[in-house]
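What follows is a pair of complexes built around subunit A, which joins subunit B in one and subunit C in the other.
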Partner chain A sequence: MNLEKVQELREELENLKKIYKKGNSIIIPALWRVQEIYGYLSDEGLEILANELNTTKEKLLQVATFYHFFHTKPTGKYHIYICTNVSCMLNFAYEVVDELRNILKVNENEVTPDGMFSWEEIECIGLCDQPVAGFINMKRITNLNKDNIKDIIENPQNYAPEKTKIELI
Partner chain B sequence: MPKIVIDKKEYEFKDGETILEVAWRNNIFIPVFCYHPKMPYVAACRICNVEVRISNSTRIMPACATLCQENMEIITNSNVIKNDIQKGVLELLLLNHPLDCPTCDAGGECDLQELTLRFGSDRSRYEFPKREFERKNFSPFLDLYPNRCIECDRCSRFFHLIGGGTEWGTYNRGWYEVFGVWKKEIIENEFSGNMWEICPLGAINDGSYKFKARPWEIESIESIAPDDSIGSNIYVDIRKKYPKSRGPFEIGGRRTNLFKVYRITSRDNPKVNDYWLSDRERYSYSWINANNRIAYPTIKENGTYRSVNWEYILDAIYSDIKDVNSEEVALITSARSSNESAYLSKILFKEILFTENVGFSEIGEDAIEEVFGYSISNATISDIDDAKNIIIFGDIKNSFPILGIRLIRSSRNGANIFVYNYYKERYILENWAKGIIFHPYEIEKVAYELSLKVKNNEFRGKTVLILPDNLPYRVLRNLLIASIYHDNAKVLILRTKPNKQGFIDVGFKDKSIYEIIEKANLGKIKVLFLWHTDLLLEYPNRSEIESALSKIPIVIYISPFADYSIKYAKYILPETTIFEEDGSRTNTEGRVQIHKQALLNYEDSMPSWWIFKGLIKRFGISLKIDSIEDIRKLMKKEIYYYSEVDFDKRPRYRNYPPFIPSIRKLIKYYEYDLAKYPMRYKNLKLIEPEAKEVKPLVILSPHIYKSSYYASRCEIFYSYIKPYIRTIEANSKTIASLSIDEKFKLEDEEFSIVVNENVVDNVLIYRPLFFDSKINLYLNKYGSREI
Partner chain C sequence: MELVEKRLILSYTDDEGSITIENYIKKGGYKALRKALEMRPEEIIEEVKKSGLRGRGGAGFPTGQKWSFVPNDGNEHYLVINADEGEPGTFKDREILEKAPHLLIEGAIISAYAIKANEGFIYLRAEYMDAFKILKDAIIEAYNNSLLGKNILGSNFSFDLHLYPGAGAYICGEETALLNSLEGKRGIPRLKPPFPAIKGLYGKPTVVNNVETIANIPIIINNGGDWYKKLGTEKSTGTKIFTISGAVKEPKVCEFELGKITFRQLIEYAGGIREGSKLVGVIPGGLSAPILINDEIDIPATYEDCSLKNTMLGSGAVIVIDDKIPLAKIIRRSIQFFAFESCGWCTPCRDGLPWATRILRKIEVGNGRREDLDTLYEICNYIKGKTFCALGEGAQWILRVYIEKFGEKILTQG
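Right, the complex of A and B next:
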């Protein structure tokens, strides 16, 4: 058990409980917090959440697996999404994907041995005007091609914070 | 009444009714997949879509989830619905379906097959690879094929809303949506078997029925689950007596498939099991062909056994017992036979042999009769549904699992449930109920305090007390007395022997079996009838029982199974079991339920009423009984309580579409009569509790699959119970104070210790396997022992 993380999660949950008072509305923001703190929905985090929210781990997972942006497996420090929907695909999204696979030498949803990167294809994220689009740690990256993706891998810190923080309304 | 128009005809509806309900009631059979009459709707499949015209705009809406409104006009058979919607939905549902009907156990009773044939198109335009899931098995009871699933969500809905479980769920989304269990080996919910029955196709199949038969070769016979006294209604599925398809298979000149139960399915009785079954009721049937069933009447002479015919053995028994004094005859039974058998045995023992020595259980004293005037509950099982407060003593999950469905339902409806026990069981741990945990020696005190509360009407609203009948005499008495002070407090007595109520109704009075054992030990019993029971398996304090049995010269052992006490028997009479005989049983609330013969008698075994009839005849009394109907007629005449009971109750029918197999099962439902009981409440005083010092205690406790006489013989439960691992559960405080660490020794037996923080201090729990509880030797008659 990672006490620091547990402590942090508990504090975050306390704050959330003040905002989301009714029913199940707290589940999604709370799941986001777990993912921010642990990098993915870890068993430990989910168990704490389940206890605090008086439900069960399985129920939380049923919600979480419905959404693309929640991870039930560990991710790298930088997690990259590449859109492969129509507009992006027509602008050679799969070349970008292949390039990523080549550089990182891991398949979709696997983590590089140094724990730095993982990547995943997603569906349209509404940035069709700047294809190929994607995210790195939830910061958007646009107009991707075979070349600038290399730069992103080399200097990820220029493009994204190390930790995602989703602003919740 | 408001009206809607369906297919140009007007129909009335009640507020809150859906289009589907109104349509079905009026014989307009809209097809469904995800809708199930016993569960809330979700509108997941859309096969039920209809055109709804309201204030000049037409929309396509799911009939199962749209409430009726005035001025609604509904069209169920337009071209759009038939060609676009129904065909389209079916084509979509079948996109990923593997179409493996020839190897699927649901083939023949599959909603998808039937509805595709009726409403679907004969070809698919899809030409890409199909989605595939890895096949995993989470349970010995279920056989899972996720590729076939159509995501109707019936299983998850059942599991969460009705079974109260959480681990089963629907994970992921869209194309990848799959049901199942997340990172777990085995499903622990005791209602999981219902999922295969409500799954509209073969995505979830019955694990025990795998590749055994086809639905059209099977005949369903009405029966009653024999494991507990709730008497859930079941169908016993057997091979059709005269199959037109394959068979019959003959092995050794005997058609084996006539002696086999293929599976058990649920039968709807809204007042009792409400269509659902627990796994213990559903999967406990392989005992029917257990290898220790007795085949022939047998006599033991000079230490050797000899099979004889029925006439000979009955003559021999008669000549042995005819001159014995009435005080020297005893009957011990566990009340597992039908009312009809009970009635004839009552004639034999009460009117011919005049014996008082009849025992069913450990306790004997009947507080219920003392307080209520007659030994019967004054609440019914369905009273649980609208109760505000439910007070339970003991463990429901492990002893009367099917009641759990109602408890979960009323807990969801806002009832307060309180469970009194010495460890926290499922309903406390999962927050369905509030737990009051105490040491067994404090039970009198705790019950007394509760009685005062009930008496002073501190629980507002309708209160139901659920009490097993083997509670200590003073505890039961106090609680019963308290309950009669208020009209809104009722008591549901749970009989711990399956048909004990029936045995009481025909005129037996329970006496503690230990009283009879004591007498036998003094040499005062010459003839003992052991009927459908095995003392050495069922009761603690084995050494005393063994010495008593060895002192009785004539033990007559009537039972389907050759268990331990058979070695003391002089006469061994094979009895048929519930699935092999017609009869009726009275359940714990006094409902007389009928079961029919499904299988042929096992070898030479006979129903026990036939055996008693033979003995009665030898005493020179002819009863003019040829069949079970004659006994019923006699019972109706002689037993006041049953005078208005209809033993020939017909099922009732609902208007559901006959062409959807999973719904077709619900068309018929049964409602059996309650017997009529006189209640004469007596105003007695509460007895003050006796203080008893709390001491460390080893205590026997039930386990759902171990403690039933029948279920413990079935191998299918072994993946849950690991029969030969002996463990004792206790909390860490007790373990520390007794300074035992890994092993616990009692006399010469060793048990490994399992830490279970849910057990109260100073209690060590042992869950005996019905058949091998050697620990019984060291326990006193109430199943506990101080250390």
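Right, the complex of A and C next:
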């Protein structure tokens, strides 16, 4: 058990319980907290959640697997999304994807051997005015092309946020 | 002729925007709320009905009418704001959420007062990570100024507003799937009726409205329904925010009086088609809207004109298509989107769309035959009218129109 993470998750759950009081509404915000703290929906995180919310891990996974952002396996330290929906595709999104695959030498949703990177195509993220658009650890990267994607892989720390957290109230 | 925008909503995003409450109040913010609290809820609904405002989320249902379906039962009611903005090509709500959060909050409070809801949720797609912080800060400001919470501005109306995070699922923009998601479940649509206005969130009467719809409410209350109705056409009143993207020089978000601008003019307004390519067509209202070609793009961008041309204004997302990318690839990518986002509940959509995508892939790599188009058309017939929600229906609709308008060109273009 990673006590620090367990502690952090418990505190976050206490906060969420004050916001989402009815039905099972707390589940999706709580799944986000697990993923934010562990990087993915880890067994440990899900077990704590199941305990706290009086449900089972399986029931939580039944919900979680419906949603594209939730990962049930670890991703790379930097997880990159590239939008290939029509407006971005018209601006050559597939060139960016091909370049990414070439540089990283892994397929979609595989992790590089050093654990640093993984990538995924994504549907429209509402940044069609700055194509090609994507995310690195949920932070926007825009106006991508097959050249500037290289810099993102070389210096990911310049683009990725220190921490990813959805602010709720 | 110079094209002049009519920026009712977007004026709040101009300059430094109205992210802080000070800026919003400087731009006239929260006056409408004061006025609304002096009115009876029924009077507000009447004013919104008079305005002719139609929902801006895609379906275009009259907002005032929707509100009047909520029973006067003294029970718990909910307001849910649909900020899922998943329709490809759409980024209008993003502008409001990130640059004019208080306009949305003011609209939410007035709407909640009108439908007698004491609690509301903004269902916000996780893709808009920055908007969570902006909205949260704005909501806290509103609480600190007695605009949210108990006894708003000293009245006997109380209202709490929460943010709820999506987690990546286009179908959760469909209002009943959204409600399931908001209840912490898989985002599968519900059978209608009962409609949410009768049985919605936690089984209670609920109004679900799009962000842009709600942002119009303070403007309507400030100026009156009759004033708003004078803008636009008889069936498409007011202004509409358009987002123009794809093969244009300057993709952008803009707001025009409805009926005053055609799709061709919208392309011009976005700097025209990019260098060295030819226009193939325009998707007028997000990826679920069938394509317009040739002189069809000279129609005014209104609900009724789109409907006459067998398409829809939808979310107002104008996607401009040129010949730099092969048509078969664009069609394949579009149908692949719907196949990927299908919730899996009903067979025609769950099975039919991946099947169509496979055939389109074959065509895309140059192995398509005439018979493949027939098979695609058959798949459309097999989906049409047999799906549980509009996702599958919309997908077959756009595919059908591509086949009807381009025929064998799909096999050869590119």
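Here, the second predicted complex is superposed on the first by the 167 of 169 C-alpha atoms of A that agree within 3 Å, B and C clash if a C-alpha of one lies under 4 Å from a C-alpha of the other, contacts with A are read in each partner's own complex, and residues count from 1 in each chain.
Just so it is clear, a contact is a pair of C-beta atoms (placed from the backbone, for glycine too) under 8 Å apart; a residue touches a chain by one contact, two chains touch by 3 or more.
Fair warning: this is a prediction, and the values are worked out from it, not measured in the lab.
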{"item": "Residue contacts on subunit A - larger count, subunit B or subunit C", "value": "C"}
{"item": "Which of subunit B and subunit C A:Phe117 touches, first, second, both or neither", "value": "neither"}
{"item": "Partner chain in contact with A:Ser87 - subunit B first, subunit C second, else both or neither", "value": "second"}
{"item": "Which of subunit B and subunit C A:Pro29 touches, first, second, both or neither", "value": "second"}
{"item": "Partner chain in contact with A:Gln62 - subunit B first, subunit C second, else both or neither", "value": "both"}
{"item": "Partner chain in contact with A:Tyr78 - subunit B first, subunit C second, else both or neither", "value": "neither"}
{"item": "Residues of subunit A at both interfaces, subunit B in one complex, subunit C in the other", "value": "62, 66-67"}
{"item": "For the subunit C and subunit A complex, residues of the former touching the latter", "value": "85-91, 93-94, 125-130, 132-133, 135-136, 139-140, 162-170, 181-187, 202, 243, 245-247, 251-253, 283, 287, 317, 319, 321-322, 324-325, 329-330, 333-334, 337, 340-341, 343"}
{"item": "Subunit A - residues contacting subunit B, complex", "value": "54-59, 61-62, 65-67"}
{"item": "Parts of subunit A lying in touch with subunit C, wherever the complex brings them together", "value": "19-20, 22-29, 31-32, 62-63, 66-70, 84-87, 89-91, 122-131, 135, 138-140, 164, 166-169"}
{"item": "Contact set on subunit B toward subunit A in their complex", "value": "166-173, 181-182, 431"}
